[in-house]
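Going by the order they are written in, the chains are A, B and C; count residues from 1 in each one.
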Amino acid sequence: MSRRWINLFTHLFTALTGMACALVILLVAIILGNIAYHGIPHLSWRFLTTAPSSGMTEGGIFPAIFGTAFLVLLMTIAVVPLGVCTAIYLQEYAPVKSKWVHLVRMAIQNLAGVPAIVFGLFGLGFFIEFVGRRVDQIFFSGQLYFGQPAIIWAALTMALLTLPTVVVSTEEALRVVPRSHREVAYALGATRWQMVWYVLLPQAIGGILTGTILAVSRGAGEVAPILFTGAAYYLPYLPSRLNQQFMELGYHVYVMATQSPDVDATKPILYSTVFVLLTLTFLLNFAAILIRSHIRRRLAAAR
Amino acid sequence: MRKKITESVIEAIIHISASLAIVGLVLIFIFIGKEALHILTSSEVRQEAGLSRLFLPHSPEPGVPKEFAWQPVSDIPKYSLFPLMVGTLKVTLVALLFALPLALGAAIFSSEFAPSWLREIIKPSIELLAGIPSVVLGFFALMVMATAIQNALGLDYRLNAINAGIALGLAVIPIVFTVAEDALTAVPQSFREGSIALGATSWQTAWRVVLPAAFPGIFAACVLGFGRAIGETMIVLMSSGNAAIMSFLPTYPLRSLSATIAAELGEVVHGSPHYHVLFFIGTLLFIFTFILNLIGQLFVERLKDRLSGSRA
Amino acid sequence: MDKVIVENLKVKKGNVAILRGISLTIRTHEILAVIGPAGSGKTTFLRCLNRLIDLEPELKPEGRITLEGVKIYGEGTDVSFLRRRIGMVFAVPNPLPMSILDNLTLGLRIHGLGGSGPITLERVERSLKAAYLWEEVKDRLKESALKLSGGQQQRLCLARSIMVDPELLLLDEPCSGLDPISTAKIEEALQGLKREMSIVLVTNNVKQASRCSDRTAFLLMGDLVEINNTDQIFTNPQDGRTSDYVSGRFG
């Protein structure tokens, strides 16, 4: 190949890959711009704090915001201790290079790849039909309390879905704690758990927080797992008990976009709902990124 | 003594927690597979929706020609999975054709050519894309993109495989980009320096040295992207038209396996053949994505081995 | 009086012997210096004494070590309590990323001895004074320990290890990266501390051993070549290798 051809190829290749990059960024910008452009005008304090009315063509989305918050709160309570303990096991308790550890790691990675809709099926088949029914038989003499779609089942389903996020984030945070810090605690007579408690966890708190926020962001945005496990199109009341159904932002968007009798009337509301959902998840992601970079900078400074 | 007890209690809790990921995965398989198994074991279900009904052409009434049809709620329910598989394949193909070049190109650009300030823009943008909930992408495809694409290409159907595929591709791009970029940046700088020292240009270095070295990771990125596309539900559900037709044309609507579960499970009678068929579809999705994930992981590990030199 | 008796201590890593049968005693209220070239097993020896070697499963210590007559590798040894009695300072200053005060009280909290209150503060002051650090940090106990200089950090680590009143203090080349002034302060601190405890000082600095130890042990390639009073080792070594080493002819 002559020099000229090589130069041409070099430029072409750089330009093509650069264009791919630019196109992706452009698409992101278009999507966000479009949603912001159409979503912001209808936004108001009233919209955020009132319930829908007139068959979803008027009013706000407060119940959906409340339901989403309630859902991710329950999910967090379930997934954070579990995920943190799993990460601690993998980093501190597990014998190095054991088959079991390999298996746990593989399970976590695979869990992250299971389609969201399969989690929905699992929530229905396991939590509602199996666990819920058993609970009703044992504690409520067969009356229907927990053997039906409910926020607790949706939250637990979502917890399983977000488990890998928390584990990976926490593990990363534990991994960067230097060995010498562990030895300090051991040399002072700490048991393994005391070492974890006094030395590792205070340093890993940022990583745990990052994982939690990412999990919350994911949980607030996923719809497929809650389709049959507890989300409701419309509820005249806010959920206050664990076995009640709930409204949720993402589900609200889905239903309004696909099953609304009057699309034009709901369109402004729909756009604003999408904008709220997007803002929520982005703020969470942004917070996670900030915390993560803060930790990395602090770590770099400490070395 | 109390210290010892606390210690062993906590140790037990940690061990149990760690095993829950495995338990969860196994439970998913058992509880979805259990409901799906009725297709083989229950004679009532088998009669209406046995394996041959699901996979082979079938004539609903004597005299009517054999066909592949998914009409689970008609008078004579038809449960052929073929239209759904064709739909899934079609939309996945479009998604990959759209996403792979973009994601891989962006990954190569970001790791090989972009100055660091530009990388600081590219990576967060893609993280931003990854953070967009799929229901929002579905919404965008349904409300905005569908019309734009229909007008631009002059299509008969507003919701079709092109529209759904591009929307789905947007969800696939971040995962492909991330895995591929990781693989590319994992290639030691010394490989590049060696190539450039021999007089190669940055393009030749990327093409002949870095890409081959990172190949297992790039391949893993594609496989994982494929898995993501197959399983993604909300985007396809909202933007594909959901018509279970046997057509390979990308300009026609489609119904995917995952969207079928989402659309129909809410209304289905518990324990009916239809219910079990939907769980069967879920099992198929689970097994298929599971295998794809395993392959992806395998290749990521192979890349690590290769770059760490233990298996050159 | 003998505080610790080490009998025929062997450590192997796979087929490679790191320690090949060390026998010696550590007396009460003495500073025992352990010298030898890099890779002679000094650190491994030290880590056997407080069983920190347990953290490296591939290293298997054999032999017998007793602390006041009780086997430390015996069945049912409370390792936590053992390590409370045996403090340790590492080669690289390793304050934890928390306040100076929290660093100091870590041992108290681990052993359920409280972590705040006037008694604790009294202990903090006593330990910091013993480590010659009190004047420099008394007004900034709540500040991050990472803000201290390297020499201050190492003295903080010394103070941290004596907070729980150990009977034996192990120091693993504590001054290897420090300036002469910090080194002098630590050596001074050790002279004060030996009134309360026994001290084992591993050092690659022969002069440091001669300056501040009562007895000196010379390790070479996992063997104990010689142990004797420090002035004997430096003025009248019995083994040729010892005299070569202390006169700086190798290592």
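Going forward, a contact is a pair of C-beta atoms (placed from the backbone, for glycine too) under 8 Å apart; a residue touches a chain by one contact, two chains touch by 3 or more.
Because the structure is a prediction, the values reported are computed rather than measured.
The interface carrying the most C-beta pairs in contact is the one between chains A-B. Comparing each chain's Cα centroid with the centroid of every protein Cα atom identifies chain A as the most central.
Taking the mean Cα position of each chain as its centre, C sits at the greatest distance from subunit A. For the pair subunit B and subunit C, the distance between mean C-alpha positions equals 57 Å. With centres set at the average Cα position, the gap from subunit A to subunit B is 18 Å.
Between the Cα centres of subunit A and subunit C there is a gap of 48 Å. Subunit B has residues 3 in contact with two or more other chains. Multi-chain contact residues, meaning those touching two or more other chains, occur in subunit A at positions 191. The set of subunit C residues touching two or more other chains comprises 80. If you check the complex, the residues on subunit A that touch subunit C are 95-96, 178, 180-191, 194, 198-199, 202-203, 298, 302. On subunit A, the positions that touch subunit B within their shared complex are 6-7, 9-10, 12-14, 16-21, 23-25, 27-28, 31-32, 34-35, 81-82, 85-86, 88-90, 93-94, 103-104, 106-111, 113-122, 124-126, 129-130, 160, 163-164, 167, 191-193, 217, 220-224, 227-228, 250-251, 253-254, 257-258, 267, 270, 274, 277-278, 281-282, 285, 289.
In the complex of the two chains, the subunit B residues touching subunit A come out as 3, 6-7, 10-11, 13-15, 17-22, 24-25, 27-28, 31-32, 34-35, 101-106, 108-110, 112-114, 121-122, 124-129, 131-140, 142-144, 170, 173, 177, 201-204, 206-207, 224, 227-228, 230-234, 237-238, 258, 261-262, 265-266, 270, 278-279, 282, 285-286, 289-290, 292-294, 296-297.
Those residues of subunit C that touch subunit A in the complex are listed here as 50, 52, 55, 57, 79-84, 87-88, 90, 92, 94, 96-98, 106-107, 109-111, 146, 157, 160-161, 164.
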